[in-house]
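Each in structure tokens, the structures are laid out below.
One chain, chain A, links the two complexes that follow: it is found with chain B in the first and with chain C in the second.
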Partner chain A sequence: MKVTFPHMGYMYVPLKAMFKYLDIDVVVPPPCSKRTLTLGAKNAPEFACLPLKLNIGNFLEVKEQGADTIMMAGGCGPCRFGYYAYVEHEILKDLAVDYHLVVLEPPEKHIGELLTRIRQITGNRPWIKVINAIRYGYLKARATDEIERMSYQIRPRELKAGATDRALKQAIDEIDRADSPGTLPAALNRAREIMQAVPVDKNRPVLKVAVIGEIYTLLEPFANQNIERHLGQMGVEVDRSIMLSEWINDHLFMGLLKNVRSSQRFRKVASPYLNHFVGGHGEETVGSAVWYARQGFDGAIQILPFTCMPEIVAQSILPRVSEDTGMPTMTLIMDEHSGEAGMITRLEAFVDLLHRKHEQKEALTS
Partner chain B sequence: MKGYLGIDVGSVSTNIVFMDDDTNVLESLYLRTNGQPVATVQRGLRQIREALPQQTVIRGVGTTGSGRQLTGIVVGADAVKNEITAHAVAASHLVPGVQTVLEIGGQDSKIIILRNGVVADFAMNTVCAAGTGSFLDQQASRLNIAIEEFGDLALQGKTPVRIAGRCAVFAESDMIHKQQMGFNLEDILAGLCEALVRNYLNNVGKGKEILAPVAFQGGVAANAGMRRAFERALGMEVIVPKYFNVMGAVGAALLAKEAVARGVPTRFKGFGVADMEYKAGSFECDGCPNLCEVIEMAEAGKIIARWGDRCGKWSNAVSVEQTAGSVS
Partner chain C sequence: MPVRVGIPRALLYYYYFPMWKKFLEQLGGEVVVSGRTTKGILTRGVQRCVDEACLPIKLAFGHVQDMVDKGVDYIFLPRMVSVARREYICPKFLGFPDMVKQNIPGLPPVIDTAVNMRKSSRDINQFIWQVGAVFGKSPLQSWLAYRQARQVHNRYIKLLEQGLLPEEAMQVLAGKEAPQADNNADLTLAVIGHPYNIYDPFISMNIIGRLKKAGARVLTPDNLTEQMVNQGVSRLPKKLFWTLSRRMTGGALEYQRQGKVDGIIHVAAFACGPDSMTGELIERYIRREGKIPFMSINLDEHTGEAGVITRLEAFLDMVRWRRTAG
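Let's look at the complex of A and B:
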């Protein structure tokens, strides 16, 4: 059995670590690229969203490397993602690309449900080892998240263009290379050092912008055309509303771990605008806009894949949030037709708007 | 004489203005880009050089439009700003207190909402390009009328024909259908203007609060039929500023003035760039499966810029040299 999974940002780091810990063969798909998207868009329905197209592209590319089992997340509710695993499986079958499919549905009642599904891949390995593997994977996710968040602070202040990107790649590789739970803390320390070694101008004034919206397009840099990098290079400190480890704790562990950032904080403040589940992260997106406005952020950018229903609901509510809180918001919709130049023009205009607003605010208060 | 240059390189037109220290526009040029931005900018610079008195000093240059980065590198610009900012700056300069800017250019249309002189909100056409200048241009030539006559003919329409304006393809086929039914040309043109305004307000304006004074700019603002259609749809006066078709360039010149006002010397390379040899080349990077097409620009045989790579491997390699060069 050779297990594979679709790409979503740095998710491959914890997943690969988990499988290796359990001595399960794992193949990581090549990074999402133009080829991935071309393969996916060719074989997916036109009106499916970008994540489905990229997933199919991932699976087709990784088949060439001998993978035979897909591990994929599932779900329920108004977001179509819940049945993507099955739809993708059918599409692959039609293409005569045979995979064994294991769907990890978020548990509805009890974490035991999740463990039963994990059994399909782990076979007879002792439970304690499986649980340790999950813990190890989670710690790796925490580590990559920490490094990513360091890059948000460093990039707008870097003295040499591109230095943060190079350091980030090195630091993530460092964490990726740690091959046991025992060596992980030291690897994380080295990664931190690599990031801290980037020369920065600490006193440079920066704007603070939150990127909010749909999880896949937030986490996968290929899907969002490297929006965090572009914003950082425009002198903007970014914060992303969903980090991988937070999502794992919220959805797979059902909030088991306390004292970590959780999307609960968004749901609490969403209520005057939207107070029930609309699928996906629609409710959290609305809440996150409110939350970031209260944290004093200069602006928020919502990212969603074209045809994403939960986020369209949120998009229609955001102008009211923006009006009430005074924090400008902008929405970017991603699909295979999105041009990078068009996106940069909109980002520049948005950042310019925030700059001028910021200057005006300072002139009034001083 | 001392002043500033503003250059707006768009997909259809390239505009250059010369603005003196008191922000009076002394020269303005409107050229067709014809898909050759660098050659067009060079041609424009030559024309401006001839039009200006010998001892003119250029204190700063600003570029905008979709070719802003390319042009900015070629001429050595002090301000490289996107078209939304440039249009907003120009509008608030020429139409004091403006609160809404409607802008329809060749390929793009946008709406900018200003409050207290600051951009508060903006939007650009996204999914469909219906209702932009190129479409009007195309329809005029299909009907065999000059684009300059379009607006006046549309104004003569008494009962505008209702035309489906959701998308340019539907608008065109519906328009042909109405012609076959025998409606007269003036009513069809007036109907087309109304359809495009409806399309604009629904797809670009999307329920944004449109408050007076409203400025209407971009090449399409020359079309009196479009202006009247806007006035009827909004129920308020729509102002077409004096330099409506070169507003981007006016904004770029104002931004250049702002940029050099902080005491930085201008980076303008001089009018000599008009006679310099620029050559663009491209290659496909095979570093990863993205296979990015990297474009490079050479000035007299020396590579001055590269772009088009997703990872920054090539573009950073040149820009690092540039930052190092500008420090010394």
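Let's look at the complex of A and C:
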């Protein structure tokens, strides 16, 4: 059995670690690329959202490397993601690409269903080992998140263009290479040092922009056309509303770990703009705009895949939030036709606007 | 003077209007319905709504705007979260009242109480009491009003299951004659789609009417009982968590299983999320078996009538030709 899974940013680092820890053969799909998207868009339904198309591409590409079992998350609505795995499986079936599908999702009747599904992958390895593997995976997710966060601070202040990106890649590889829970802390330390070694101008004035919206397009740099890097290079410090480890704690551990940032803080302030959850991260998106405005951010950019239902609800409400809080917002919609050049132009215009607003504010208060 | 409550002729109108009307009238309201869909109503909806929203939501914006123009005292827009256990309506229905409130100026008070029966069907009582309270009724009075409304709803569903379409069933409820079954039809087609798409003659380019005129008997998923729909949908690997999509998919697969229809037409709205998934599933299941002709039509505000007519004609020709050849 060779297990694989779809890409979503650096999620492959913790997942790969977990499988290796359990001595399960794992194949990581090649990084998302134009080819991945072309393969996916060709075979997926036209109006399906971008993540599904990229997933299909991932599965087709990784089949070439001998993977035979897909592990996917699921859900029970109302966002489309809950039915992804099954639609993808039917599409692959018609393409005669044979996969064994294991979907991890909230059980319909009994917790036993979920445990049986986990067993399909873990075989008869003891549960305690499985639990340790999950813990180990979570720590790796925490580590990659911390390094990514550091890059947000460093990139707009770097003295040599591109230095942060090179360091980020090295640092993530460092964490990826740590092959046991014991060696992870040292690897994280080395990763931190790599990041801190990037020469920066600490006094450079920067704008602060929050990137909010749908989780997949936020986390997968190919899907968002490297928006964080582009913003950073324009002298913007970024904060992303969803980090992988926070999401894991919120949704898989049911918020078990305390003292961790949680999307709870967004849901609390979504009302009165949006008074009900709408599936996916729609409610969090509206709330995060309010929250970041209160934190004094200069602007927020919502990213969503074309036809994403919960985010469209949020999108139609964001202009009102922006009007009330005075924080400009912009929406970027991603699909297989999105081009990087077009996005950069829009980002530049948005950043210009924020600069002007920022100067006006300073002129008034000084 | 009774309170005038507006109900937009959109979204779940074709499922629940008879019940909602009775309920609101029993509570002492006067029900006003927005006009039939016109180019003007759709255009005003498109102007008020974000571009990326699906066609039915844009249209619903237009109907709400029409109610505003009509100057009603309240607009009845219950937040339709869930109408069945462990199921949802689509996410946009969950956010629809907020989308409307943030984007349509001059809105009268909106009755946006949530209908959420995801955990238990008894949770509908919350909804009944809260809506009743708007009209100053006690929980008991509200419940009695709802009980009467429920009876109307049951009669309505019975009529649909006998083969009537929503507009026809509503007329029967209003005391008019049931339309005669068309005995000249030489073939039967199933039209599968969301009620707010296939039953709105403007949005659907009157697909159902055209098919009937061309000599076809038309069946929709709403002509099946709940058990039949569930039997159809039981072939899927996982329970579908959208009520409307479960009905559509179950309907299509059940008609396929029964083998009594000569063709299946799937009508989807542009940018509809659930349609993009269930349409794909329906098509793959039907094509894999390869027995029943299948066609999918996508609708949006730019759809031209001529294109739809051509495709319908071609499909009918093909179905008839297949029959004589077979």
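Keep in mind that, in the parts below, the second predicted complex is superposed on the first by the 354 of 366 C-alpha atoms of A that agree within 3 Å, B and C clash if a C-alpha of one lies under 4 Å from a C-alpha of the other, contacts with A are read in each partner's own complex, and residues count from 1 in each chain.
As a convention for this text, a residue touches a chain if its C-beta (ideal position, glycine included) is under 8 Å from a C-beta of that chain, and two chains touch if they have at least 3 such contacts.
Owing to the predicted nature of the structure, the values given are computational and were not obtained by experimental measurement.
Engineer: Chain A superposed: clash or fit between chain B and chain C?
Structural biologist: Because the two structures are overlaid on the shared chain, the partners are seen to fit without clashing.
Engineer: Contacts for A:Ala349 in the overlay, against chain B (first) and chain C (second): which applies, first, second, both or neither?
Structural biologist: First partner only, chain B.
Engineer: Which angle, to the nearest 10 degrees, do you get at the Cα centre of chain A between the Cα centres of chain B and chain C?
Structural biologist: The angle comes out at 80 degrees.
Engineer: I'd like to know which partner A:Gly235 touches here: chain B for first, chain C for second, both or neither.
Structural biologist: In the superposed model, A:Gly235 contacts neither chain B nor chain C.
Engineer: Counting residues of chain A in contact, which comes out ahead: chain B or chain C?
Structural biologist: When the residues of chain A touched by each partner are counted, C comes out ahead.
Engineer: Is A:Pro181 touching the first partner chain B, the second partner chain C, both, or neither of them?
Structural biologist: After superposition on chain A, A:Pro181 lies in contact with neither partner.
Engineer: Taking the superposition as given, does A:Gly162 touch the first partner, chain B, the second, chain C, both, or neither?
Structural biologist: first
Engineer: Could you look at A:Lys34 and tell me whether it touches chain B, chain C, both or neither (first, second, both, neither)?
Structural biologist: In the superposed model, A:Lys34 contacts chain B only, not chain C.
Engineer: Is A:Pro328 touching the first partner chain B, the second partner chain C, both, or neither of them?
Structural biologist: A:Pro328: touches chain B, not chain C.
Engineer: Determine, under the contact definition given at the top, whether A:Gly82 touches first (chain B), second (chain C), both, or neither.
Structural biologist: It touches chain C, and chain B stays clear.
Engineer: Looking at chain B versus chain C in the superposed three-chain picture, what is their shortest Cα distance in Å?
Structural biologist: 5
Engineer: Would you please give the residues of chain A that touch chain B in one complex and also touch chain C in the other complex?
Structural biologist: Of chain A, residues 319, 333 contact chain B in one complex and chain C in the other.
Engineer: Mind pulling up the chain A residues that touch chain B in the complex?
Structural biologist: It comes out as residues 30-31, 33-36, 160-162, 165, 226, 319, 328, 333, 340-342, 345-346, 348-349, 352-353, 356-357, 360.
Engineer: Which residues of chain B touch chain A in the complex?
Structural biologist: That would be residues 66, 81-85, 116, 118-122, 124, 126, 207, 288-292, 310, 312, 316, 319-320, 323 of chain B.
Engineer: So in the complex, the part of chain A that touches chain C is made up of which residues?
Structural biologist: So the residues of chain A in touch with chain C come to 45-49, 74, 76-80, 82-83, 86-87, 89-91, 94, 103, 108, 273-280, 282, 306-310, 312-317, 319-320, 333.
Engineer: Quick check: in the complex, which residue numbers of chain C touch chain A?
Structural biologist: For chain C paired with chain A, touching residues are 49-50, 52-54, 79, 81, 86-92, 94-99, 102-103, 114, 236-242, 268, 270-277, 279-281, 284, 288.
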